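Here it is, the structure, as structure tokens.
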């Protein structure tokens, strides 16, 4: 497990000999966290996820025998951000995401999903969205903060980046103003609360995802706080009652055929982690995604 | 070291003067822990639960749209205790609980439930009891300690404070002497072990609670070690195999209609917590209770 | 640093002199960990499990009313190992296990199961195996290491110590080379992945164990990483998606009648533990085993 | 998540109504941290310092027998900040500091010192400055960030808030660009590196402070990273080789007679703290200051 | 949960039977902590100190070449205490200490020193006292608690167990009421504050100890909070500005010739420790003592 | 602080575009730890030191204005090791060190210094040695282990790699057999104990180093346990009473002119670290070395 960590030991570059071709899959970190409203520290998320990903390299996925090491994947390091400047950072992230085929981003806070969707939607059109989260993230603002970490989906819907009718949220359970909930549902978003997932089981959840998202380009945004704090303590706005990691895996493994064109895993805050289990969960979500879209 | 922290106990203010009327709901801490038999530290529980509770204030309960912030609730700080003196503390807690309408107490160890029941039963009569716990807490004594943290229910039954026929225990799983178990069942208490809960599911558990507790005044005593150590590591006598936090939530949300007249959440020991997840679980139990009794 | 801690290894006493007869059950630690490939530190496992086991002594098992304290069981401390020498240690462990009736070993890494099986199989013949683990442990080698912690079962099958047709693995979920998986299955081993356990439930899993292992002498090897990292963070090669501790308990309690002749619980790495919950899980597995084989 | 914690921000009371007069000393928190360049989390600093301060209330200062509890001091809770907006927050903090006599602020990051100085200098004129820190904090910007946590003194000098000839820095030791160092010294600031402090001893350091600051109004800004990480691990930009906490105390106790008109202690990041020792160090610095200015 | 850990308190053996004679030195733990006024948990201290002591066994003391392993020393496990009962415990500890030659006790809170002094003074007469501590421990009571952890010396002087004129305190620095300080000094106790130690150096401190304690029987009571929290975070009432561990060692090594007849090291609270450094410091104090009294 | 970590953001390579020239300075990790005798985990040291080193990149050394970023330095990642095989690893490390000009190695355990010295001495001849450590590391074996982490200097002297007359040890304080100490001194090694350093001060220590090592090629081996556990808790064999980090810095900065031809910093065990302070100390030692040999 030693050495300089890139994601799952993917080839990486550090300014010495940048590859002059695009890999089939690109991993990038977004060490940005100033739009958070509770506990801080997701800027350290990308590095922690990379370290944890090294536990996953010895062998193939036992579900479909895809081996992430055999994929054409490059870890390009972290995107440049604008310190202390949310909107400046959103512009920088969007610009850096351009032209990168099939991008997998490691957050950072959930606000960074917005520029990723802007870049991707420009290329492939309005997206379906599979959104694991404890929070609906459709607040028009957070205590006055317009582009904070609880608003990416509000803007993404309003900007026409995602199709709410093809959007499903899984794991929702935080306190929420009724008008925010009603707006979300009113837009056509499908919400499966965490208790819904516990009651339905992963097979029914996956069926519902297929039904909602259907054909066409889609995006996976996985906020690690969709998992219960027992499984992912290292995050800023934990909510009890969440998903077990096996439930997330069991759902993801049944999403074959959905036209995923990109993904992110966000809100890993290592300072609150325990024995790297949150970072490992995030890394495994990426690993499941790679196995899924290559099977 | 208890109480609401201002700097060096300087006078502080929160925008309002002291109410000279009782609020509809009163929150009080009981930073008492010397009757514990294993790991120490629940004296720090009330402060930790308060801190964690601040994660819950932005919005309404997504099940019934009750907003705890809109309720008439006052946090009166911590009850005075008698340092190093169990029975003196029980008397002090009982005295301070007098006249406080609908009290929600933050422990502290489980021994403090006894004086709370004494005070409440004096006012409303013999109580039904919904008791989440890993332990039956009907030991006549703990290694010679009569009013320790494993005996509150033994005394409460013997003193006629709770009606054993209207008492249900949920999550029980610790080692226990057969005579203690038999005494408890013999008194008429209904015991659902943790494995029972895993096997029955929360819906059936809730139905059983309604069946046992029925109409009439009731009390909720939630020992955080009812949850599995994965969900609540910060406690003194953890037992594996416990409830997931979602199971507790799913049960609580189905207890509408029970005549709850008070509650406590006890045995949070922050020094053993990880990323505040235990304190958050305890705070969320209070929040679920507030939403439940106001829906 | 192994052994039963007295101050500076001063002679200590516990109220009894050294037994000059064998107890019915013998507990021994194996503080050995140099064959691990990821995070280190299982050498501290035996001491941590012993400490945590002290939480289990006050009462009987609530399933079958066996009281471990009433059993004829001796803790003989830790086996001597050869520092820095894997094969030397395997020989030492095998030698020390000789003649000890019904041995329960506390690891230490999983490589130590091999000499324990060698010793036991010599006495009772080819063994059935109930193997809880996240990993198949049938790698011919780990990055060149032949007797590392991922190979005990490869050798045990090849050496004829266990009968693969009477071997069942529970909780498997790590990345794995397809040829390793196919070899394992090809030998006749039954593999239940963690997702299989989640889907089947503990009752069906236990039935399958009875079906596979049948009558005849058997061994229980419990790698703590069979549990999810939420339940057992203190281990070296965690994999998400694992078993809840209640699932392991629910399976174990249904294994009555299997001819267990020995057991081990391995891969507890206390430096990564949180509030001793991993050590407690390991101790409870031993406690469940003692209750099981005495009921 | 800031403020004085009552349960779910319920109204609380502490025995007194809000004073409608100013206290002689006012404590306020500034839970702001988005201008940091390394590890995050000082937003949690004020609450942690308050908690730790409760260890200091039982008795008088053993140096000069001042008892902080007997002082006329009020904790007014945390200042409102603008989420995600550095310059907006600086304006808000400055506005809220107006009219508060002798303010003691609990950070938060060091950037908040600038508006505190703006407010204070407007009232009392150009200030002398006693500045404990590992960093000179005279960077014109930090990676493009103009009002980040490494630039307060650059702006304070340029805005004429502090008199560099009456400014002394104690504990400096981080990497620094030579031009930044030369600018600082060129302005007339006196720099005592951490190694200078170790070599000179606290008595000589205090003499130098008196010599530099002289008569006239002065301000104490104590960045907790002036202390060595052994004494203050809970901070964002630790540097080894720092001061022992006793050295800071021994210096502070010899600063009687300096005309301190305000102070802050900043950069406490509780997520990186160990056993609250950093928060306790910060609280004790405030306590030493209160004893100092009242002796 | 006290005692020497074997699995589930199974009988264990260490190669020797119980000695039917007294060893020259006896080690005992006192897992008692309910008289504490701040953070809890010293009940776990004896076990933690024993574990840490195992790091010290490989070789002789590099100052005087005494090898603790070659000494005639027995660890008799933990004293029985009365759960939840301070005065009952003091009586039990006193009784168990009877007849044990040269007792070295591992705390546990500082209140347990009183019965140890009662037992020892009865045998050898009024004692000189070398008392390392952050607190004077001469409070007549702590918030009403008469035999709490801050009062042992008040009672020991009043009961005539120690001679205040032959008593020296080293490391004192907590807040303290002036009347408590004045009473202590008025009794004739010599107080060296932590700042005194930093200013004088260990050589002068040791000279002062010899001067004060002189000839005659003496006792060493080492409260681990005499050390700075950087060196001993794992304690309940930390105070910054304390001793470095090397200072304590340098003082202790110069105390040869003092007639020590017993010692204790108290107030180790493992739940707040970091990497066992506090427990190791406590174990090393015992080791230094053994080397000292045997050189 | 984001991005893929190489040491101090030095150019690194990962097999994609390895530079075909040697840099002036080469950093390599040695993630090897199976020769340790106490707490495990230094295999994670190199990665942790690299991460911490990123805190040091923004500016020049404030003592001599060398900027590590401007140096010609390459981080080549970790050396390959032989899992579970001490002697095989020593051979591999020696082979990989060949031909690398001015190597700075990040351990890993102290046993890896031996092959580094073998390689270097072959090129530049017998070396002077500046050896910071709590342990003499001249044990002929550790509990039977010949090439364990306490024996590198025994072998290095016997193999003629270092000149004992030009060898100085700084910080020694562990228990040690007198014959081991006498052998070391008898070979001509100069030992400065930790207490010697505390008594002499860093200036006198540095003078002694110059006197002992003199002219000619020399090596710096810095075992992080030379520092006190307060400053470096993250190590396997901590000993109290050690150096403060400022003392190490103050000594190192006075070693200009010594002919250092290579260095290592070893025994960082991140699982026992607190807030990365041990890793930061190790990284800063490398940074001080780079500034030293380039000034």
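Brief remarks follow.
Note that the chains take the letters A, B, C, D, E and F in the order they are written out, and that residue 1 is the start of every chain.
Everything that follows uses one rule, which is that a residue touches a chain if its C-beta (ideal position, glycine included) is under 8 Å from a C-beta of that chain, and two chains touch if they have at least 3 such contacts.
These figures come from a predicted structure and were not determined experimentally.
Farthest chain from subunit C (centres taken as the mean of C-alpha atoms): D. Shared numbers divided by all numbers used gives the overlap of an interface; between subunit A and subunit B this overlap falls below half, so the copies present different residues. Farthest from subunit E in terms of Cα centroid separation is A. These two copies of the sequence, subunit B and subunit C, are related by a rotation of 120 degrees on CA atoms, to the nearest 5. Averaging Cα coordinates per chain places subunit D and subunit F 37 Å apart. Rounded to whole angstrom, the centroid-to-centroid distance between subunit A and subunit F, based on C-alpha atoms, equals 41 Å.
Multi-chain contact residues, meaning those touching two or more other chains, occur in subunit E at positions 1, 37-38, 55-57, 228, 230-231, 244, 272, 274, 287.
Those residues of subunit A that touch subunit C in the complex are listed here as 1, 55-62, 65, 67, 228, 230-231, 244-246, 249-250, 253, 274-277, 280-281, 284, 287.
Residue ranges of subunit A in contact with subunit D, taken from their complex: 33-35, 37-41, 43-44, 82-86, 142-145, 147-148, 271-272. Taken together, the subunit D residues at the contact with subunit F in this complex read 37-39, 172-178, 180-181, 193-195, 198-199, 228-231, 233-234, 237-242, 244, 272-274.
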